[in-house]
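Each of the two complexes below includes subunit A, the first together with subunit B, the second together with subunit C.
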Partner chain A sequence: MDLFFQTLLNGLLQSGIYALVASGLALAVGVVGIVNFAHGEFLMIGAFLAWGLSTYLGVDPLLSLPLAAASVFAVGALTYRVSIRHVLLAPELNQMLLTFGLGILLQNLALMLLGGNTRTVTTTYQGSSISLGELSVGGPKLIAFGFAVAILAGLYAVLYRTTLGRQMRAVAQNRRGSQLIGINVDRVYLIAFGVSCGLAAVAGVLVAVLLFASPTVGLVFALKAFAIIVMAGLGNLTGVLWASVVLGVSEALVQTYVPGGGGWSDAVFFLLIFATLVFRSFRGAR
Partner chain B sequence: MSRVIEATRTVSRRPDFTGRAFVPLALFFLLALAFPFLPLGARAEYLLQIAFFTVVAGVLALSWDILARSGQVSLAHAAFYGLGAYGFALLSKAVPWFLAMPLAALIAGLVSLILGAVTMRLSGMYFAIATLAFTEVVRTVIQNLPESVAGGANGLLVPALLGGNARAQYFLALAVLLLTALVSLAVRFTRLHHAFAAIRQGEETARVLGVSIVRYKLLAFFISSFLAALGGVLFAGKTFFINPLETFSLANSIAPLTTSIFGGLYTTLGPILGATVLRVAEEILHNYIKNGYLVVYGLVLMLSILWLPRGLMGLFRKGKRGGEL
Partner chain C sequence: MKKMLLTGVLLALSSAGAVKVGVLLPLSGASSVSGQAARNGYLLALDEINKAGGVLGKPLELEFADDGSSPAKAVPEFVKLVTVDRVDFMAGGVSSATSIAISGPAKQYNTFMAWIGAAAVPVEDAFADHRYFFHYHPWSYYNFEAILGYFNTLKTQKKARNIAIAYEDGPFGSAGIGDTVAAFKKAGFNVVMTEKFKTGSGNFGPLISKAKAARPDIFYWVGYDTDALPLATEIKQQNLQVGLVYGTPPSWPVGFEKNQLADNIAGLSLWLPSSPQAESRKFVAAYRKKFGNVTEEYFAPLAYVNLKTLAAAINQAGGTDKDKVAAALAGTNTPTPFGPLTFSKSNKTQYQGFKAGNWLHFQFQGEGRVPVYPIKFAQKPMVWNK
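For the complex of A and B:
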């Protein structure tokens, strides 16, 4: 039974980061209407920022969170201004290709400048763990989860309690209607895309602490984020949270209980998405 | 009534069917056929290898494009490419290569019918994600099969195609590309073209017009993945070695997509041209920049989308409506 609860706990902790990455992507897809295939690369930038600051300046990765968020927000806003903005009315395919191109560009820029090695960040709390009765939790995991929850709480407070947040949700629901009632849609897009990238970067900092930083670290998280937002429904900003928990926990369950589970967890994960999608389509929701 | 349909068919057909449109395509194949006989100098072997992989890239891009014409923007191409490669590797233990090749493609085609049936009612982004998920599932299944069956994560050795004769392999690849191009032309100049285009432009309308959506969507899937699997066979037979991570990588799904868009969507020449330009550019870049040579590739893609949204084919057909080849 302890094993079961330990598994649940691990899954829940893992879902914190998933939710961070996915809520960022949900903003890009839901509000701006752009399927951002470069989302993982913004995560990668965050991870490298954390690594660089910690290695060269001795800054604790968690202190570099605000800096990573702010600078990648700026990068995202700039990206929107010079590229995304010009394909908003283009066919979906062109938008996808543009963000693919951006992803390839960023990933290989990192590869060119930093090489393909994985870089780890060392912190004082790396090996620490906290035990709750029979259960034990790694310190970094718990800290990362705490930060993820705090940041998500902040995000949803903005989305549901401020004018900007209401504007974002309005645009996500109906962009023409929002325009008609006087919302500056272009500005909302700019901010939403910047925030989306900033969230990915924040997740990247946490990933650097938990795993490592490398040019390709973003891909896995981006794929899972896609899965999550699809499960939640495109444009659904709140559904992302429970979808992340469902996926994190089910992944952990498979890892623990299926023999050779490490290898199968990805397949079950994607099978779940596949099933959701098919179920949705046959129920008529598209 | 049937006379009306007949009439509209002839009307809509005639402007497409000009011999002149075939000239660039025929020219390409003549050049490609002559390529191994050109005085290539000391680097002939290397150049022939690039040409081989360019042709395979062309097969993948064009087969992807055929599926895209029916409005299904798939990210599952790597799955069928990989199924072709694995099918060939496993089948060629039992049967000669010329049987293993079509059989592997047939298996991939049949699997694609399952995917097609399941994703039938999905559209746009949902469809793309479902196909992406499908690829991951196929990869994980193959990776986790017992090692004695499919080699697991370590991969499989594959018998070399045609005894490893580079020139013969190149001509075989070219034959597959020619087959793909002929299929593409067949789709372009029959009723299929109108059916696919109608489905792409509006499924509801197409249904009202009497187009059997199920049949045509599945047909597109079958044709496309059959050809993609042939590409996978070529790849496996050239490199002697396949592993799940590389064969089913996302890059193999994205490359045909970018190539088609860069070259010109819904055309026959476009994807082939795109594959040639992009593969050669990639190779040149690779020689100049070792690490991260794809930087420029990504930049080119972004710039071409921003300034060349209709692809390379758009350059030649300014203002001309339709009639793409």
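For the complex of A and C:
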């Protein structure tokens, strides 16, 4: 029975990282209306920032979080200004090609500047855990889960309790209408895209603590984030946490109870996307 | 102006007809630590070869290509080196998956392969009928022979009986897993867990929970460097009580030894900078002079030995005729940082370099890798955590 509860706990903790990555992506999709295939690469920048600050300046990765978030927000805002805004009214295929190309560009820049080596950071709390009887809760994953819940709650509060949030929701619903009532749509998009990238960087810092930093580290998480926002419904921030929990726990159950499950766990998110789309089309048909 | 022109013409003439060796390495992706280490080894060897007069009286040329640790990228890079860059010989190769992928074009173009990595048996199968395939790295069954020898000692000395196995689901981890389990059982061990994982996923929580429930004496994992820290973290967080954690990645992450989570994790290596052989000491000194530091990755000296022996064989053959170079390389008998190198038959291929007896077992202790077995090479006693 301990194994079952530990499995649930493992899945729940893993979902924290997934939710962190997916929340930023959900914001870009929900507000700006663009599917950002470079989201994993913004995560990678955050991971490398944490590694660099830790290795060369001895800054604890958790202390580097605000700097990583702010600097990647700036990179994201610049990216929006230079490239994204020019394709917002273009066909979706063009938008996807642009962000896909951005991802390749950022990944290869990282390869050129930093090489392909796997980099790890060392902290005193990496191996820390809290024991609950026979069960064990990993410290960094608990921190990641806490961040995910706090960030999603904060995002929700911003969207529903502030003027900027109301503007974001208005722009997400009707771009033209928002312009007509005097909302600076371009500014709202810039902030939303920047925040989305900043959130990816926050996830990247925690990924550097939990795993490693490398030019390709973002890919695995970006794919899972896509599965999560499809499950949650495009742009549905509140659904992101639940969808992340479903994905994390499903993967953990498959890994533990399906023979050879470790090799199948990466198929889980494909299956969940498939099941969600079939369910949605079935519900739509009724 | 005339002088510059003359120099240019002389340089052009000197490189015309130079021997070109294509080097296909994972400079990025999952195997990049090994690939980068190997690149340094090749560059060091190139320096020494060219300082000593080059090959066939001309400077040797290397053409590096990055296979990205991906079979899909390896094939076009390999074909480009052979057909566009028209290299005379191919060297390099780390990952088994990429080596299998290029076996088709290698046979199609009848390419001369002086190959440093790729330990999986399917690679041996793929190149079994290729007459110009020289394999330097031990095949996985040689690796396993060395590991089994060490574990048998632990069975006697530490009463280690139960082994939990975790392996990556690519060719490197999964190709010989059935034979591995059978061999452990035949040797009298209980294999209490056999689980596969996706390399680079970092999601090891459920796997370690299962291992914990299985109560092993030894946790044995086969994967890549990207898996080392996430596994070590999860083992510590879930407090997996195990005598020894033993991993066999081709390389370890940069800086892993400085992380306290690495303490007492064991592995095997063909070489460590502390290896006492004279050739090893010479290599370490030359490496430090060129790069300003010392690597612990054995792919650096392996690549160094690979290019030096290939260049010597070409010089001995007196040309680039593949049959003559193959005959010269097959007759290699030279001291290396790993001990003497000769080529002999493996189970399926004609020219196999290093074998089981070349492996060392080490443990991360303090901030470095300390040899702990075979006993004659041990510098400190092994730490058993049970």
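We adopt the following convention: the second predicted complex is superposed on the first by the 284 of 286 C-alpha atoms of A that agree within 3 Å, B and C clash if a C-alpha of one lies under 4 Å from a C-alpha of the other, contacts with A are read in each partner's own complex, and residues count from 1 in each chain.
The criterion applied here is as follows: contacts are C-beta pairs under 8 Å (C-beta built on N, C-alpha and C of every residue); 3 or more make two chains touch, one makes a residue touch a chain.
Treat the numbers as computed from the prediction; the structure is a model and nothing was measured.
Student: According to the stated criteria, A:93 is in contact with first (subunit B), second (subunit C), both, or neither; which is it?
Tutor: Touch partner of A:93: subunit B, not subunit C.
Student: Determine, under the contact definition given at the top, whether A:104 touches first (subunit B), second (subunit C), both, or neither.
Tutor: first
Student: Applying the document's definition of touch, where does A:60 land relative to subunit B and subunit C: first, second, both, or neither?
Tutor: Neither: A:60 stays clear of subunit B and subunit C.
Student: Touching A:138, do we find subunit B (first), subunit C (second), both, or neither?
Tutor: The answer is second: A:138 touches subunit C but not subunit B.
Student: Is A:252 contacted by the first partner subunit B, the second partner subunit C, both or neither?
Tutor: second
Student: Is A:128 in contact with subunit B, with subunit C, with both, or with neither (first, second, both, neither)?
Tutor: second
Student: In the overlay, answer first, second, both or neither for which of subunit B and subunit C A:116 touches.
Tutor: A:116 sits against subunit B and subunit C alike.
Student: Once the shared chain is lined up, is A:2 touching subunit B (first), subunit C (second), both, or neither of them?
Tutor: Touch partner of A:2: subunit C, not subunit B.
Student: Where on subunit A do subunit B and subunit C both make contact?
Tutor: Subunit A residues touching both partners: 111, 115-116, 215, 260, 263, 266.
Student: Spell out the part of subunit A that touches subunit C in their complex, as residue ranges.
Tutor: 2-3, 6-7, 10-11, 13-14, 55, 111, 115-120, 122, 126-129, 131, 136, 138-141, 207, 210-212, 214-216, 220, 251-252, 255-256, 260-263, 265-266
Student: Can you tell me which positions in subunit A touch subunit B when the two form their complex?
Tutor: Residues 29, 35, 83, 86-87, 90, 92-94, 96-98, 100-113, 115-116, 215, 219, 223, 226-227, 230, 234, 260, 263-264, 266-267, 270-271, 273-274, 277-278, 280-282, 286.
Student: In the complex formed with subunit A, which residues of subunit C make contact?
Tutor: That would be residues 26-29, 32-33, 35-36, 66, 166, 169, 195-198, 200-203, 205-207, 209-210, 212-213, 225-226, 229-230, 232-234, 236-239, 253-256, 258-261 of subunit C.
Student: If we count contacts the way the header does, which residues on subunit B are in touch with subunit A in the complex?
Tutor: 68, 73, 118-126, 128-130, 132-134, 136-137, 140-141, 143-144, 153, 250, 254, 257-258, 261, 265, 289, 291-295, 297-302, 305-306, 309
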